[in-house]
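In the two complexes that follow, chain A is the common piece, with chain B as its partner first and chain C second.
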Partner chain A sequence: MNLISNICSSLCSSLEGDAKNRETPRAIDESIRLPLLALIKSAAIWMLIATVFGLIASIKLHTPSFLNDCPVLTYGKVEPIFWNTLILGWLFNSGLACAVFLLGRLGGRPLGQGIFLTIAVSLWNTAVVAGVIGIMMGGQLPFKWLEFPPYIAPILFVAFLAIGVWCAMAFRDRANRSTYASQWWILAAIFSFAWIYSAAQIMLVCAPAQGAFQALVNSWYVENVFGLLIAPLTFATIYYLIPKTLGEAVVGYRYSGVAFWTWIFFASFAGVAKMAHGPIPAWVVSLGVIGSFGLLLPTTTLSIQFLSSLLSRFSKIWDTVSARYLLVGCVVFTIVMLFKIFGSLRGSLDVVQFSIFDSGVTQLALFGFAGLVFTGGAYFILPRLLNKQLPSTTLIDLQFWAQVMGLVLISIGLISGGIHQGELMNGSTTDMLVVVNTMRASFFLTSMGLSFLLVGAVAYNVTFFWMILSGRTEEETSTALIEESPELEYTAS
Partner chain B sequence: MMSDESQQHNLPGVDEGKASDESIVKTHARIRREPSNGSPVLFFTSLALITVLVFSWFYLRRYMGEKEPQMYLHEREDIALYRDWQDRPRGPIVYDYYAIGEKLYTQMACVGCHQANGEGLAGQFPALAGAKYVTHEDPALPTKVILAGLTGPVTVKGNEFNGVMVAFGAGMTDVQVAGIVTYIRKNWGNETSEVTNDQVAAIRAEIGTRAPYTAAELKSYFE
Partner chain C sequence: MNRGPFIFLGMFAILAVSWTVVLYKPTQQTGRLAAVYDEAQGGVLPRGTNGAAEQGKALYQELGCIACHTQQVRVASGFDLERGWGSRQSVARDYIDQTPALVGNTRLGPDLTNVGLRRPDADWHLAHFYNPQIASKGSNMPAFPYLFETREIVGEPSARALKLPGTFAPKDGFEVVPTRKAEALAAYMTSLKVDYDLAEAPKSKDAMAEELAVALESAK
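Let's look at the complex of A and B:
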């Protein structure tokens, strides 16, 4: 009984204490509490599921007999389940949680139709569950990151449209007429995902393109899921959390517009570069390489903005949970983009194209960049949403360091392992079995890394459910924990 | 207010908001509006822009590829190799007619009647070895028989035959017909000239599509 009342108080908290100062922020948080909790809860659970499947897939690579009696857990099913739950489950939910929070807070007005958003989100998550079951039953499609059976796609798309319409309405209803970079990135993510998902589904499933063109569309979609959905939501979160947790304007904010448009432009065709040496015209690949290399421009701007903002306040960062995640996320962003940019040149692809390098860079980008930033965002949002403290900073420290350790191990295992693998395979005299045996150590490192990430995922879930289920302390019931924030000073730059 | 705030700062489980949402929007909007006098971000962004432009220019010049059909090749050496291969000197095609005919003789129906030793079957199918129709100095004679067939009574090496040979050659290419004719004219002790595909083409054009020959029609060759 106690537990139930705790959950109820988490869902609709009323404060007797003086909360006049935060009337509007409190009202905003109140209006989106239900969808936000639904999103963060789903994100936490999907994070656990995705990491478990990733770990199983990774273990199978160095110990093929692992779980080989189980027909629903063959490598061919576990691997796509891992990627799909990672992206459509964890990152989508946690990124959207941050986006919804930002839309409300930056808009400066309580948002309506929270129930509508909650239903749309539930529909989305139900579709993802159905898709995972569909893959387990053997109904998967052969396209990377679009493996869900064909009947799942319309449900996902409708759910996404509902979510997108809600976000667009939330943006339209804002009270602050000026816009902030976070809002541009969120809108860009919403509109581009509707575009790339429908385009990819139509060209691959509804009216399939012929021959090599399918692979081209697929690689375009895969790169754009990162470039036009996950990364924009992450940038939005970073842009918001930097001034919020450091109390300083973003360094060089003037150039955010340049970074935004060049990123959208170049990212939209960068994925084609992966088809180098394939049976498609050389100029298509060359354009893809230009798209990839063009990302150097927004990457430079964004990296300098983020890192110099964060490093100028380095001493403050370690006291603030979310800023710590932000810092590591931004460092990983710079590293990942350098790998992506220089890994897509023809000379690099000669070595790494058919190795585990690409999988390593993608995992680093998703777990390390987006995953960490969204986690930081959730830790910023949760206390405000529930008016409770984070229950245990030790647990959060554990999660943080486990995730950082995991990322280091995965990077060493897959990225440097991938380069080594590519070099070995290019030496045509090398026996294939020698290559496979050499890769064992890399796969083992990756499994260790994913185990660390699993520890992090468990810690995150424990923190979240502990927070939801625990009762309020005396202090938490009587007062608003969150003080009104001071004004951000304008400093001429 | 201040004392409250300093107390709040020590809450380990809550990240303090150090800027209000409205001021974040307004201050940053102002930063975008107001003129600026350069910053490291501008410098490095410009540097990156120049790098990207220069790279794109040279990369596209280097790797824009070619038009059909070598549009899939991107390395200059590969394209040059392909061009060299296309422009390679091409002499006349030389066929080994005997080898072609040897293969066809067993693949087609020939061997069934005329036998592997070219002796035919006594009383049913005439021999090819030493037959005057085969070894005639003008190769047009056996070529015509293969192209259009032979029917009715015929005398080969003193034996009377009365059968039908259908127009096997009508369905074969010139090279194939030339191969077969050459083979039977040079095998089993026959030592006569070979025939080329051009000759076969000329003969084929000359006789057109017609009914099988009779021995009487071919009589002119032996006068």
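Let's look at the complex of A and C:
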């Protein structure tokens, strides 16, 4: 009974003494509390599911007999389930949670139709669950990150359109007419995903491109999911959280526009570089290499903006949970982009093509860059949304360090392991059995890394549900817990 | 940049350019290839597949074999030819009959473009699916015991029963018989062979360089 009333008070809080200056933000939070909690809850659960599947897949690589009698858990099914739950489950939900919060706060006005968004998000999540079951039942398509059976795609697309329309409306109805970089990135992410997802589905399922060109469409889609959906949502969160947590505007903010447009332009070409030497026209691959290399420009700009903002207030970073996550996320961003850019040159592909290097860089980008920044975002949002303190700093420390540790192990395992694998596989005629056996240590390290990430995911879930289920303390009900930071976004632009 | 429509239009333009140049243009330019007829090489190329192999292909897709196996041979880099994975570069025309095409992008196991040439024996594949350790000790490929039926021998043993060595054999009085699925998958494996030449497919790095030199010469 007590728990139920606690959940109710989490969903609709009535506070007694609310400070005057918190009225607008409080009204905004009130208007989007339900969809935000739904998103963060789904994100937390998907994070757990994705990590578990990633761990199973990784263990199977060094101990193939693990869970092998079960046809639904064969490696070829677990692996796509891992990527899809990671991207469409965890990162999509947590990224959208940050985006919705940002649209509300930056727009400066309470948003309507929260129920509509909640329904759209539930439809999305139901479709992802159905897709996972579809893969288990054997309905998977052989396209990376598009493995869900064909009948799932229309549902996902409709759900996404509903979410997109809601976000566009939220942006249109804003009270502050001038816009901030976060809002551009959110709009870009929403618009691009609708485009790339429909283009990929049409050219792969509805009216398939001829043979080998399906692989081209697929590689275009895969890189764009990172470059035009996940990364933009992450940038949006970083641009907002830096001034809010450090109390200082983003360094070099006036270059944000250049970074934005160059990123979108080059990222939209970058993916096809990985098709090098494949059965498609070579000039397309060259375009991909140019696109990838062009990303150096926005990567440099964004890295300088983020890292110099964070480092100039270094002493403040360890005081705030969110800022800690931001710092690691931004460092990982720079590292990942260097791997991505230099890894897509033909000379590097001669070594690492078809190896687990690519999987390693992608996992580092998704877990380490997007995943950590969105977690930082959630730790910024939750106390404001619920007017409760984060329940246990020990638990959060445990989560943070487990995730950092896990990322280090995964990077060593997959990235350096991938380079080693590529040298043997692409640079010599060593028997594939020998290659696989020299990889065992790398696979083992990756499993250890994913176990650490699993500890992090469990800690995150415990923190989240603890916050939702606990009652408010005296202090939390009677006073304004949160001191709003100044609106530096607008003074900077 | 304070207006939503400006961002939408900009995004639209960029994505339209990317889609047109990267996807639409190549599929229009070289994505409508037809099969070629070559009497000397035995008819229409690429060769068609049979029904059992098509069923096997569906199972290959269902089990996600593509997670570890590519079906593309490169000559410009790597050691694909030296490893015996093929005799020439895979080109777009090789895939025109495949929907979906199982090109793949990760090699935790060998490339399978020509596995039917390397391993023409279906029984080898059946034993390999039942337990990869039989033929490739130390492999990390999963076993697929659920594609087989272990049953008590009643009367005559089945002619299709696997001949399993020593420790892998079932206990006395039992036999391991492949299901139709396993046989289809084996049929697909033995059907995978690119044993024909295409005019546009380079056969080695040197041939590729020569072709390029000729093309450059004619461009002058």
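Going forward, the second predicted complex is superposed on the first by the 482 of 493 C-alpha atoms of A that agree within 3 Å, B and C clash if a C-alpha of one lies under 4 Å from a C-alpha of the other, contacts with A are read in each partner's own complex, and residues count from 1 in each chain.
Here is the rule we go by: contacts are C-beta pairs under 8 Å (C-beta built on N, C-alpha and C of every residue); 3 or more make two chains touch, one makes a residue touch a chain.
What you see is a predicted model, and the numbers here were worked out from it, not measured in a lab.
Under the clash rule set out above, the superposition-derived model of chain A with chain B and chain C contains a clash between the two partners.
Of the two partner chains, chain B and chain C are each touched by A:Pro279.
Judged by the touch definition given at the top, the superposed model places A:Leu204 against chain C, while chain B stays out of reach. By the touch criterion stated above, A:Trp90 is placed in contact with neither chain B nor chain C.
Comparing chain C and chain B on the residues of chain A they touch gives the larger count to C.
Of the two partner chains, neither chain B nor chain C is touched by A:Phe369. In the superposed pair of complexes, A:His62 makes contact with chain C only, with no contact to chain B. After overlaying the two complexes on the shared chain, residue contacts for A:Lys77 are found with chain C alone; chain B is out of touch.
When the shared chain is aligned, chain B comes close enough to touch A:Thr300, but chain C does not.
Looking at the shared chain after the overlay, A:Trp124 reaches neither chain B nor chain C. When the shared chain is aligned, chain B and chain C each come close enough to touch A:Gly257. Across the options 45-53, 81-89, 153-161 or 207-215, chain B meets chain C in a clash only at 81-89, per the superposition defined above. Comparing the two complexes, residues 178-179, 257, 276, 279-281, 346 of chain A contact chain B in one case and chain C in the other. Those residues of chain A lying in contact with chain B across their complex are 25, 105-106, 108, 176, 178-181, 240, 243-247, 249-259, 276, 279-283, 285-286, 289-290, 293-294, 296-297, 299-301, 304-305, 308, 320-323, 346, 379-380, 383, 388-391, 393, 481-490, 492-493.
Contact residues of chain C toward chain A in the complex are 1-4, 7-8, 10-12, 14-15, 17-19, 21-23, 26-27, 29-33, 61-68, 70, 72, 74-79, 82-83, 89-92, 94-110, 132, 136-146. Put simply, chain B touches chain A in their complex at residues 4-5, 8, 11-32, 34, 36, 39-42, 44-45, 47-49, 51-52, 55-56, 59-60, 63-66, 71-74. The touching residues of chain A, counted against chain C in their complex, run 60-62, 64-65, 68-69, 71, 74-77, 79-80, 135, 138-144, 147, 168, 171-172, 177-179, 184, 187-188, 191-192, 195-196, 199, 203-204, 208-217, 219-220, 228, 257, 260-261, 264-265, 268-269, 272, 274, 276-281, 284, 287-288, 346, 349-350, 353-356, 358-359, 425-429, 432-433, 436-437, 440, 443.
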